Every structure is written in structure tokens, then in C-alpha cells.
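Each of the two complexes below includes chain A, the first together with chain B, the second together with chain C.
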Partner chain A sequence: MKVIKIDKNQWSQGLEQLRNAFRLFGPVGNGKASSIQELAPGQAPDLTFANTRLSPKNLVFPQSEVMLNYSLDPDDPERNILKEAPKDYAPRAVIGMRPCDAKALSLVKMNFDTDQYQDPYWLNLYNATTFVGLACDAPASTCFCTTAGCGPYHEEGLDVLLVSQKDGYLAKPLTDKGDQLLKAAGWSQAADADKVIADAKAAAEARIVSKVESDSLRAADTMALYGAPFWEDISFACLNCGTCTFSCPTCWCFDIQDEAYRKKGVRIRNWDSCMFPIFTVHTTGHNPRDTKLQRVRQRFMHKLKYFVDKYDQGIMCVGCGRCVRQCPVNIDIRRVSAMMNSMASAAQCAVGGK
Partner chain B sequence: MENPYLPYPVRIDDIVVESEDRNLKTFKFVFLNPEDEQKFAYRAGQFAELSIAGVGEIPIGIASSPVEKGFIKFTVNKAGVVTSHLHNMQVGDVMGVRGPLGNWYPWDMLEGKNVLIVGGGFAFTTLRSSIIYMLDPANRKKFKNINVVYGARTPGMLLYKDELIEWEKRDDIHMHITVDGTKDPNWKYNVGFVPPITEQKAPQGDADSYAIVCGPPIMIKFTQPVLEKLGYDHDHIILSLENRMKCGIGMCGRCGIGRELVCKDGPVFTLAQINRTPREY
Partner chain C sequence: MSTYTEKIREISQRLLKECKVEMVIGFRQGTLPMMNEPCIVRKPEEVERLVWDSNCGINLANYLTNRKEKIGVVAKGCDSRNIVTHILENKIKREQLVIIGVPCQGMIDKRKIAAGVQGEILSVAEADGEVTVQTAAGAQTFKKAEVLQQNCSVCTHRNPVIHDEMVAEPVAEQTGVDPYADVAAIEAMSAEERWKFFEELLAPCIRCYACRNACPLCYCPTCFVDESKPQWVGKGQDPIDVRTFHFLRAYHCAGRCTDCGACERACPVGINMRLLTKKLNKDCLALYGWEAGLAEDKRPALDTYKANDPENFIH
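Let's look at the complex of A and B:
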């Protein structure tokens, strides 16, 4: 599939044309922060942002989503029988999400799409969406994607990669879905731009200087890391506010609740967080992760070790830096990973006799 | 795409009060759509989510056995929001069941082996399912000696009393029923906690013997050294874990112990597996 050149003057016209086939979503700024929202007719995505404050995971995993509904009406013969709630899975396109967030969705997909069970809510929204990414040429100081299995021009999980140019965009179709979207927009001017993109990519990667150290974690002993002495220090300042999990593009934990009033009700799922004590508490009052230390350890062990062990696809982090920027007490996953990694590499050196 | 969150509608067909404190009741369910029973094909040791519209869901071990057809049974302790609501429901009421969920006791591995079952309190439910399964005429010859140590606080707290008495009379299963204490002068079984009774009554472990242990944490804690002393290796000690759950299908993330999810990778684990896992249950 050839790279397509989109001139500035074709941009909004193409977007409007896309509305015939897609509901459009994209970043919208309010002067302080931006978020991915549905775009009203005539509204263009704001592609000048570094990244949205919250990840776009709500596109496929809304913070609250009705799963089932039911009647509680004593006169209804179908009362108390749970039914699938009606859903709109018409085609949608998100224009201008960052490559790290697309890679995050492909990591999270491993949780929701398994051999044994498929989560229909997550997968139907994912499959209904065409993901148009915007390559990063001006990363934030907290971005560390290049050492987190990702990068500013990373293509995994995207259908189209847009590269910003002075006079418009270069659009690299990556899947059939992406190709279809470009055609639907009427963008068809082929460009011989492979070298331009490769150069821009190398330059962008060079701008990312922040790193996460995780190379020794795969071979590390799980129980040794679990019992490491540093968790007290790491978790000391944590408020258990959950900002890290809610802003994280790779966090997917959820709760299921019933909400009912009089004759009808719904079963709804809501984002949840391993930072909250109630997340694991048993009916007896016993709580396997009763302390802050245990909960903070769970978050980092899940991202940096359990996930690595389970899937062998690297860490459950794409280096977007949101948790680093937004943590009110400056807990930094890069520091935690470095501590875990150096403990693991020291143990491996000791075994190797070095 | 099948929706794994959608329960099968069931009708409560029977309710039996199991314990003298009335906190344990066995609910017998019949599927509203008979074809759902086939879809619910299960093995002994699995659990299901009992699902009540407007209230919520609760994961409960399946007490009926795969060899019992036409219904499913669950023995439920009245403890939280959903179980308290369920305890007040009546025969004929409609609700939902979602499952079967989780893994099961390793029946293929247990074939040709001696099986020791150690149970305490109301955790005896999936053990009842297992005993009924093993004693089925089509299955009994697949297993060597079967020993059961089952204890409750008092005689009135023992589950499935009629069946216990019946099993006591058989010679193809060795029952060691015990209570923590009783003032009943006619009590003819054991008195004592499960771990010491296990030490006195259970057969020695060897390469051909497995122990299935299910009970409150304190019982498991003190039974482990007894089984070790009897010669059961950690990969021959099989446990069923509990954790707070929501989805039951490995998606929602809360029941994780290390990389394992109790709901999907468990609830059945060997002690050897659990030793390699953070004990966050």
C-alpha cells in the first residue's frame, strides 16, 4: 500500500467526507489539556497536542458501560431474565491518537480476546473502530516509548499512520481498514515518501531520551522480586488515588454492578483499580491485599513481571508517561522498573558467577 | 460472538436448609431453556456465578455432580448482599446462572490413584460433587482407595447428612467424619479438628496417592504439615482457592495471584503451584 499525500486544503474536506461512513473521534483541547471526544460536524481534531490527559482506551472500554438489562416488573413474564443491552457498533474512526496508545490497545486485546473467552463489548468496539495514528515529532520529557517496546512512529495497532508535514500530512496505510478509510476520504495522491518518513522517524526516536530499564525482568525470579526490600520505600508516599490506573492506557481492571430502580435495571461495568482496598476484599472482611504496600506492589509486579511471564510480549507499559506526569506524589514507574531490574540483574550475575 | 457475561435463566426448584444455624441452604436450579443444560456441561470442582437481576452476582462452587442430570445444586452461606438476598428467595423464583467457570480437580490424573479428600465447614460442596462422581458405578473402578476426612463445628453444621450416613455404610469409601465438639451422647463418629483426625485416620501418601483439600484457611494451614508428614508431595496436594471475583472469566483482573487468575487458571491448584505464587488469597 502506497503512502498518500494529503494537502492541507484536502484535510477538512476529506474529514467531512469520512462522516458518510464513520462516526469521527479525535483529540479536542480546552487550552489546558486534551481528550479524545466525538467530533461534531465541522469540528476538526486538534493535532497540536503532545498527548491527551487520559488515554483513549475509553473508545473501546468506556469508563462505565451497560452490559445487560432486565425487567423487574411483576407483571412481565420475562422479569428477572438478564438480556444483552442494545449496542451501536456502526463504523467509527479515531483521527490522531498517538502510536503508544494504539500499541497499548493491542496489549490489552490479549486480555479481552482469549482462546476460551472473548469479551464482546471490548472486541465489538475495537473491531468497529479504524485507528488513525499521529506520529510524534515533539515528544514530552516524560515519554519513554522507545525502551518500552514502542516508539513515536510505532505502527502496531494502527490502521493508518499520519506524519505531519509543513503543507499537510503523509498518510501511511497499514491495514485494509486503513486503506478503505483513506479511499472513503477521497485522499488518493500517491507519494514516494518512504525515505522522508524513515528520516523523520529516526529524528523523532532520537528526541526520546528518557528510558525504562526492563531487560532483566523476563528471566527474574518472581518470588524474589515480590519479596524485595524496596516496596516499602516505593509505596510510602502513595495515596491510593488510582490516577495511575485510570490514566494508564494498558490498565483494564473493571467492576460489575447492578443498578436498578422500580421495574427495571441494568448490569453495568465500571473501571476499577488495584489501588483501591475494596478491589480485593472478601465478604468475610479478609483482604488479601490489605495494605498500600501490597497494592502498589501488585500494580508494578503486574505491569513489569506477571504480564511479562504470562504473555512473553514485553512489559505492560508503552512509555506514554501519563502516570509519571500525573501521580500526585511523584511515584515513577521508570524508577521502580530500574530497581526491579537491577535486583534481577544482580541475581543473574551472581548465578552466572560474574 | 458468545456473550460470556449473559447468564442462563434458571428457576429455583428446591431449597434445603442444611445447617442448624440456617445460614447454609442448598438451592436446586432447573434451566428454563432445557438446551442450556447441555451448554452448562461441567466437571467436579468448577464453580458458577449465581446471578440475580437488580442485586448482582456471586461465585459459588457447584455442589451437584456431573453424573446428576436435570438440575444443578449450590450450597450457599449467607454472608453478603447477593447471598443474603438469595436466602430470602423462594421456590419458583427465576434468576440466572453463569458458567461453568474455572478448572476442576484433575480427574484424568487421578485415575488409577488413591484419593484422600480433606474438607472442613461449608467448603465441602465441590467435594460432595467429587465424591458423587467417583462413587458413580461407571466411575468407581477408575479410582483406588477413597478416604474422606470431613469436619464441621458441630453435628448440626455438617452438610448433606443423609448422604454422609449412606457413605458411612459403604465399603468402597472410607469416611472419617468429625466435629470440633458435641454434647450429643449418641454421636458415634470422631471428635476433633480436621488436621489431627487426618493425621490419625488418613492413609500414607505415596506416588499413587493424591490429597484434595478444601476448607477454611486455618484448616488448610494446619493440614499441610500433617499431609507432609504422611508423605504427600506438594504436587500431590490439590487445593481449591477463593478470591473476590466479578467476571469469573479472567477479564476483570481482581482475583490475580501473581500471573495466575483464581477464576480462570484456578480455582484448583496444586500446593507446588501455589508455592511459586504470591499468597494473595
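Let's look at the complex of A and C:
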């Protein structure tokens, strides 16, 4: 599949043409922050943003999603029967998400799409969506994607990668889905731009100054990390709010609730957070993760150790930096990972030195 | 303010060395501009971690709830008022605490600064009432008074109301400020306008509960929004449930809130939910002459009954 050149004057025209085949989503700014929203007719995505305040995971995993409907009406012969809620799974395209957030989708997919279980809600939305990424030429000082198995031009999870140029965009189709989107938009001017993209990629990667240290975590002893002395220091400031988990593109936990009003009810699923005490409360009232320290440890151990061990695909973090920027008390995953990593590497040295 | 830092370290070291306290709760330097992190120091040699500047807006009274140790705690004016409230509500005992009082000159609003510059903020430094912000484009200087958190700009209790140590002489309290001008503007709206205002105010809420959890008043073992037997509030993003959370939380803070601003500061989506608690602060002052956390020997307004309490607001 060839790289396509999109001139500025073809851009908005192509977007409008896409509307015949897709519902369009993209970043929209309000002067203070930007978020991925459905684009109204004539509305272009704002591709000047650094990154959206919240990750675009709600595109495939809404914060609150109705799964099933039911009737509680005694006169309704179908009362108490759970029925699939009607959904719109018509083709959608998101224009201009960041490569880190696309990589996050591929990590989350490991959880929602397994040999044994397939989550229909997540997968239906995922399959209905074409993901058009925007390569990142001006990363923030809190971006550490290149050490988190990702990068400003990373392609994993995307169908098309857009690269910003002076006079328009270069579009690199990465999947059949992406190829079809470009055709549907009428963008077809092939360009010999592999070198241009490779150079821009190298330049963008060089602009990532922040790092996460995680190279020793895979080999580390799980119980040694679990019992490490630093968890009180790490967790002390934590408020146990859900900011980190809700803004994180790779956090996937949810809670299922029934909500009934008069004669109707719905079964919905809502984002949940391992930071919340009720996340783990049993019906007996017992809470196996009853303290802040246990909850904070769980979040970091899951992202930086349990996930690493279970999937052998690196850490459960793409380096988007949202939790770093938004934590109200400045708990910084880069600092935590460095502490875990240096403990792990010290332990390895001790074993090797015997 | 670096003299504050030195003094905090000096006092903390002495308290730890003399075993007056088991730990000191203060702030350490954050990893981002305009962010410091609450921390514990347990050893005299660790006091070098402690810092003080205009980015210590988190209310440290929040970290005292139900603790059993003997604690040194760094406290600016609002923190000290919440410590008084904590003592009155039996969440900590006065004799457990050595309060290291900080005369406060206000905390910086990082969102105000971000809105005033182009591009990402790389570093922020303050000196002589000015704040200098470095971005890729260069340096920009603000008067500190112009970039204060809104609650700090109308604060009239900058000096700690109780303390065992002081890091400096008290600062002059602000006079002639109207803390409730923003609330009065909302009161002046028609019911429809007001409803629309609240709808828009709370629309970005993601129910992360950072506001609740940053608040020293919110220490219930199980918050009403988390109860399941019975369940009082839906847990989804239905606007009715979102508003129920914010309105009820505000009422739970009536007569207790010190307008420390921790809730607004903590909010990841920039909601000023202080407008709700401030309305109740305003009413408590007007009806009962009550401001929270000013005296250890007075019961809070909604904690007591007097025969001549006003009741004309009861319908």
C-alpha cells in the first residue's frame, strides 16, 4: 500500500466525502482542553492539539454503557426478560488520535478479545471503527512513549497514520480498512515519501526526553516487589481518586449495575477504578484491599509487573503521560517504575554476583 | 519563600530528634512545574526533602484523619482551620499534633498560568511577588497576585489559627475583599439561568471523586455514593446522578468548609465545585455568624441548637 499525499485543499473535501460512509470523530478543543468528539457536519477535527485530556478509550469503551434492557411491568408478558439494548454499529472513523492511544487499544484488546472470551460490546465498537492516527511532532515533556514500547510515529493499532506536512498530510495506509477509508475520501495521489516519513519519525523520537525505566521488571521476583519497603512512600499522598485510571488509555476495569425506575430497568456497565475502596468489597463486607497502600500497589504492580508477566508484551502503559500530568498530588509512574526497576536490577546483580 | 523551607526543615529536624513527634507531614518537590507532593518524613536526616512554595495547595489536614501517631504537620491558614474542624469532629486529638504554622501568601493556580501562556510550561520560578514561567517560546512573568487560586485571592485567614511552631511572623490579613461576590452573582440569576449554569458547570464531571477525596471533610468510611444497601445514587454518567453527588456532597460540608480550594485544585477537568460549598459558607455566616475552623471551643453551627436560631428558610 502506497503512501498517499493529501493537499490542504483536498483535506476538508475528503472529510466531507467520508461522511457518506462513516460517522466521523476527532479532537475538538475548547480553548482549555481537547477531547475526541463526534464531528458535526462541516466541522473539521482540530489537529493542532498536544493530546486530548482524557484518552479516546471511551470511543470503544464508553464510561457508562447500557448493555441490556428489561421490563418490570406486571402486565408485560415479557417482564423480567433481559434484552439486548439497540446499538449503532454503523462504520465510524476517528480522525487524528495519537499513536500512543492506538497502541493502548491493542493492549486493551488482549483483555477484551481472548480465545476463551470475546467482549461483544467492546469488539463491536472496535470493529466498527477505522482508526486514523496523527503522528506526533511536538510531544510534551511528560511524554515517554519511546521507552514504553511505543513512539510518536508508532503504527500498532492504527489503520492509517497521518504525517503533518507544510501543505497538507501524508497518509500511510496500514490495513485494508485504512486503505478503504482513503479511497472513500477520494485521496489517491501516491507519493514516494518513505524517506520523508522515516526522517520525520527519527526527528520526533529524538524530541521525546522523558523515560520510564522498566527493563528489569520482567525478571524481577514478584513477591519481592510486592513486599518492597517503598510502597508507603509511594502511596502516602494518594487520594484514591479515579483520575489516573479514568484518564489512562490502558485501564479497562468496569463494574456492572442494574438501574430500575418504575416499570423499566437497564443493566449498564460503568468504568471502575482499582483506586476506589469499593472496587474489591465482597458481599460479606470483607475487603481484601482495604488500605490505600494495597490499592496503590495493585495499580502499579498490575501495570508494571502482573501484565508484563502474563502477556510478555511489555508494560501496560504507553507513555502518554496523562496520569503524570493530571494526578492531583503528583504521583508519577516514572518515579514508581524507576524504584521498582532499580530494586529488581539490584536483586539480579546480587544473584549474578554469587 | 525559601526561608520558609529552611525553617520547616529546621523545626522538623528538631521535633524528630527530640522525639516530640514520630513523623512530620509536609510537601516534597514535585516532578512537574507547579506540583508538590504531600509526604511523610520519619527521620531527622530526611528533612531535606521538605519544601515550601506557592504550590502547596493540597490540604494536609486530609492526611491526619484517624491517625494514631504523634505527628508534626505543616499547616497554612486553611489547613489549620481544617485541623480545628478535625479536632472538633474527633478525627484527631490536639495532643497528637505539633502544628508547624505557615503564614500563607496564597497558592498559584496552575490553570490560570497555563491559560496565560502559549505552549507547554517547562518550569516556573517565583521571587519577590512575581512568577516567571518558562515555555519553549521564552519566559513570561506574572504578578503572583494575578495568578492566585481564586479562594486564596479572597482569603481572610492566611495565618494559622492554631499552631505550636511558626516558620515566620504572621502576614497581614487581606481586608476589603468580598469572598462571596461569585456566589452573589449566581443568587442574582433567575431559576432557569441558575439551572443552566449548574448543568454546564457539572457537565464535564467524570466522577473520579478527586474533589471528595482531596477534601479533609470527606472522611466517611463509606460515602453515600458508594453505598449499595440501599443504593442512593446511580453510578453511571446520568446527569441527575452526577448532580446528586455534587449537591449532596456540598450539603454534607455545610458549616464545615474552610474554602481551602483543595477540591477545585484536584479536579482533573477543571470544575469549580467550590461555588456550591461557598453558597453554604455564605449562608452559615449570614444566618449563624459562623465561619468554620476558627476556634477549638465553639461547636459548629449545624452541630448545635439555639432557641433563637433563624428558621424562616424552612418551608
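Remarks
Everything below uses one rule, namely that the second predicted complex is superposed on the first by the 353 of 354 C-alpha atoms of A that agree within 3 Å, B and C clash if a C-alpha of one lies under 4 Å from a C-alpha of the other, contacts with A are read in each partner's own complex, and residues count from 1 in each chain.
Note that in this section a contact is a pair of C-beta atoms (placed from the backbone, for glycine too) under 8 Å apart; a residue touches a chain by one contact, two chains touch by 3 or more.
For clarity, every value in this text was computed on a predicted model and none was experimentally measured.
When the shared chain is aligned, no partner comes close enough to touch A:Glu156: not chain B, not chain C.
Of the two partner chains placed around the shared chain by superposition, chain B is the only one that A:His282 touches, whereas chain C remains out of contact. Comparing chain B with chain C, the partner in contact with more residues of chain A is B.
Shared-chain residue A:Phe236: touches chain C; no touch with chain B.
In the superposition on chain A, contact of A:Asp46 is made with neither chain B nor chain C. In the superposition on chain A, A:Met223 contacts chain B only, with no contact to chain C.
By the touch criterion defined above, A:Asp137 reaches neither chain B nor chain C. In the superposition on chain A, A:Asp255 contacts both chain B and chain C.
Note: residues 255, 257 of chain A belong to the chain B contact set and to the chain C contact set alike, using the contact criterion stated above. The touching residues of chain B, counted against chain A in their complex, run 1-7, 9, 32, 51-57, 79-80, 83, 93-96, 217, 242-244, 246-247, 249-259, 264, 276-281. Partner chain A is touched in their complex by these residues of chain C: 30-32, 35-40, 58, 62-63, 111, 115, 120, 122, 206-210, 212-214, 222, 226, 228, 234-238, 265-270.
The touching residues of chain A, when paired with chain B in their complex, are 67-68, 70, 72, 79-84, 111-112, 114, 116-120, 123-124, 222-223, 226, 252-258, 260, 265, 267, 269, 272, 274, 279-284, 286, 288-289, 294, 298, 301-302, 306-307, 309-310.
Contact residues on chain A toward chain C in their complex (touch as defined above): 32-33, 50, 53-54, 63-64, 140-142, 232-233, 236-237, 239-243, 246-247, 255, 257, 259, 268, 270, 273, 276-278, 324-326, 328-332, 334-335.
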